[in-house]
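Structures are listed in the sections that come next.
The following pair of complexes shares a single chain, chain A, combined with chain B in the former and chain C in the latter.
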Partner chain A sequence: MATVQVSEAEKVYVMHGVRDDLRVDGRGCEDYRHMEIETDVVSNTDGSAKVSLGHTDILVGIKAEIGKPRPMVPDEGYLEFFVDCSANATPEFEGRGGEELGVELSNTLYKVFNNRHSLDLRSLCICPGEHCWVLYVDVLLLQCDGNLFDAMSIAIKAALFNTRIPKVHISEDEEGVKEIELSDDPYDCMRLNVENVPCIVTLCKIAHRHVVDATLQEKACSVASLLISVTHKGMVTCVRKLGRGSLDPDSIFEMTETGKRVGKALHAPLMELLQKEESLGKKRQKVGFLA
Partner chain B sequence: MAVDMRLPTVRKQISLSGSQSTDGKHLVVPGDVITSDTGFMRGHGTYMDDEKLTASVAGEVERVNKLICVRPLKTRFNGEVGDVVVGRITEVQQKRWKVETNSRLDSVLLLSSVNLPGGELRRRSAEDELAMRDYLQEGDLISAEVQSVFSDGALSLHTRSLKYGKLGQGVLVQVSPSLVKRQKTHFHNLPCGASIILGNNGYIWLYPTPGQQDEEAGGYYTSLEPVPLPDREVISRLRNCLLALAAHKVLLYDTSVLYCYESSLSHQMKDILKPEIMDEIVMETRQRLLEQEG
Partner chain C sequence: MPVDTKRVRGPDESQSPLVFLPPTAQTCEVLRRPGDRGKGDVRPLFARCGLVSQAKGSAYIEAGNTKIMCSVYGPRETERKDDTDMKSGRLVCDVRLAPFSCQKRGAWIQGSEERDLSLALSESMQPGVCLHRYPRSQIEVNVMVLENDGGVLAHAVTCASMALADAGIEMYDVVLGCALRQDGDSCLVDPDFSEERGSWQAGYGENQGRVTVALLPNFNQVSGLHADGEMREDTLTAAVRTCMDGCHKLYPVVQQAILRAVKRKAPPPEK
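Showing the complex of A and B:
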């Protein structure tokens, strides 16, 4: 993980700031840095999104492919996650340096997103037991400046919203051999219902309080953080503790409450923005990577 | 809680009427032919390509008689003797500390070039060497001056003055070294209620203006008392202003920082870094700087 060094005195300064509800960059404990979201940035994917949160930059691309459903759940499709830590983000990721972090991140993403509560996996089914859509979700970390999980979950939700899966028609001939036909019309496609896709909120415990959207510096001052994924209704779908330190039950409870409140409030502006972007359509000038 | 989500916008170049344009400057990008005249000498940032002098970095062409160099716009810190730097200790070694100063190689701070507590000049004993980590340990921030430059370009620092030494509570802002204006003094007590060290290496230290200093400690004592909230607010605002100025490539020195601080006062601290507000504040600052010059 990209880390920064912090001296003792700086730590004390950050901790006292959090106590006074005034962080180093002027934010309160529950404020996010401003976020820029753009979808449909990679043309050779079925859905893509780029999110920048402070200096954290994340690109998500989703590719849909036809695969075989899992034997346990023959009538559902599934998602595959892969997180690539680019050496552009920090030289530590060079070679195999980012692999460990990438695996950790993608395992968390499986827990959070790959279940029937967050996404209607049945809609990905083409032919029960034989064919289903597999969504390959590729996450690329372009820059790391803390709070990877939150930015990643928002990028994934935006990319899922943007995903268009071509409609398929199944025809059966006399011998019972099924044939799958993909629609040629690019506008004849299926959209995913992203209503229940959760957003992740990471809360960092600093001294006696907790903050959301911690920068790398703040992360270096905290011993433990709690990751909570929350749906738009405020339902918690996954809780994980990150970091070496320990949290006492009281603070876990407090943090969960904050996480629920903050997480719930993330969805409305996100959906509003995604809908606004879609309504602008082709009129909007694409910014992409040259902002 | 506040979440601000938006669509990215293309950053426009802000141009001020009457501001100097890039006309007078010879700017090049890598691969640009500077001259095909063979009468010139090849300096830093250039190479010969088919008898033509070509730029290898993006920057401004500088000519001294027959020598042509390109001074890069974005670069690591190239230290010169006398530069004020802010750096972070990365290693404690035999009789020296290694300091990260945004230069290509880590700088060196020798035990013999620091003032040890007590203030008096004394020989460095073996005990001093054993206690080095008590003075400065890994991660600590220091302010120092460049004493000499080694042949490989690494810097040797010294803190032989009471104004240099270990830094206590405050905020570090990192910008490009080419944005810090060279001045007579890089230590300022700003009238808005905080102090600033503008390191030539692009590391800028913001800290609450100290009261009277305890000279006995020789600069190795750091107060861990909480900084009062008003001081914090000023420091956080200054931090965001510095980042806003740096994002718009405005030269940083006491006046520009102060003007930016004053123009930001009408906005909330956490809003300063939002693109449209940043544009507005920086625009106002540049206007005032122009008025002051002319």
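Showing the complex of A and C:
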């Protein structure tokens, strides 16, 4: 993971600032950095989004492929997550250097989506027990400047919103042989209901307070953080303590409360933004990667 | 190679016939637990230190059918010289699930589940170990899950801290782990494998989740917290509290086992 060197004096400066609810870049403890979202950035995918949060840049591409449902759940499709830490972000990720972080991130994503409500997986079923849609969610880290989890979850939500799965229907001949037929109209697509897709909020414990959306510098000042994924209704789908420190039970409860409040407030503007972007349609000026 | 099309070949991948049982047969009744164990009770724990003579310290834990062994090697010179932080030691945790430990056979090579467990164990153990006392060195904690019957991470944490104590590694406190499964409004402490997984139908209900807490009992500090599923915030808070109570219930057993190991290594002088 990309790290920065922070001296003791700098640490004290950051800590004192956090105590007075003023952070180095002028934010309050519960504020996010400036965020930019663009969907439909890669044409070869079924859905894609690019999110930049401060200097953290994340690109998510979703591809839908037809696969076989899991035998335990014949009437549901499933999601596969893969996180690639590009060596562009930091030279440490070169070769297999980013693998450890990539596995950690993707395992967390599996946990975040490990419930029946986040996404209606039954809508991904084509023919129970035989065919279903498998959504391959590939996350690419282009730049790391702290708070990868939050940026990643927002990018995934945006990409899922943008995902269009071609409509298929099953035809059966007299002998009972089933055939999958793809709709002729390329615009005849299925959309996913992303209302319940959770967003991750990572809270960094600094001195006696906790901050949302920590930069690398702030992260270096804290020994423990708490990751919470929250849906728009305020349901918690995943909690995880990160880092090498321990936390007081009371501060955990405080942090979950803050996480729930911040996470809940994140969803409405995000959905509004995504809908607004979509309503612009083809007229929208594409920004791309040189924003 | 020519393929004999007349012959019916078996499927590439085989599944356990239990998978294809009708859903009614799969649902486990959570209202009653085997024996006279209540919902808030942990399984009786068997814990012993010192089963691997070659290791610096080792421990074995049995809770219900969950069987875990752990051995600790080190402190020794660190392998990774490039690490910038040489002032404190490194705790290298490695969790393996034996191929025969789960219902389905696993592979010998470390899968993503095992890597996830290793990371979770490492993050839960680090706050309890005085790593600053071991500069430029690493301590290896190897956990082998012999049988998985639920609560693997929680019991691995307890087992690893016993092995570290047995190895004489300086620690602030023992680390104890407790798992819980939330099923609607009721919660099951220290679930076995079928309770932990739950029935698939129940997964559509509300407030379904799993929580694992690692606790330093004397400092009352939570060193590890892992939860998934979908829960309300108040349910989660209550679940964390219940897990902490569960950890405290394990404490006397672990303390006794460590004391026993110490007495065996350094017998008290006879009067």
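Note that the second predicted complex is superposed on the first by the 289 of 291 C-alpha atoms of A that agree within 3 Å, B and C clash if a C-alpha of one lies under 4 Å from a C-alpha of the other, contacts with A are read in each partner's own complex, and residues count from 1 in each chain.
We adopt the following convention: a contact is a pair of C-beta atoms (placed from the backbone, for glycine too) under 8 Å apart; a residue touches a chain by one contact, two chains touch by 3 or more.
What you see is a predicted model; the values in this text were computed from it and never measured.
Touch criterion met: A:107 reaches chain C, while chain B stays clear of it.
Of the two partner chains, chain C is the only one that A:243 touches; chain B does not reach it. In the overlay built on the shared chain, the residue A:265 is in contact with chain B alone; chain C does not reach it. In the superposition on chain A, A:164 makes contact with neither chain B nor chain C. In the superposition on chain A, A:63 contacts neither chain B nor chain C. Shared-chain residue A:55: touches no atom of chain B or chain C.
Legend: residue contacts after superposition of the two complexes on their common chain; A:20 is shown touching chain B, with no touch to chain C. Look at A:10: by the touch rule set out above, it reaches chain B but stays clear of chain C. Only residues 5-10, 12-13, 16-17, 19-20, 22-28, 30-38, 52, 212, 261-262, 265-266, 269-270, 273, 276-277, 284-285, 287, 290-291 of chain A touch chain B when the two sit together in their complex. Partner chain C is touched in their complex by these residues of chain A: 3, 71-73, 103-104, 106-107, 111-112, 114-118, 224, 226, 231, 234-249, 252-253, 256-257, 260.
Residues 15, 19-20, 84, 112, 115-116, 119, 123-124, 126-128, 200, 203-204, 208-209, 211, 216, 219-233, 236-237, 240-241, 244 of chain C are the ones that touch chain A when the two sit in their complex.
Contact residues of chain B toward chain A in the complex are 1-11, 88, 90, 138-141, 167-172, 222, 224, 226-227, 229, 232-233, 236-237, 239-240, 268-270, 272-274.
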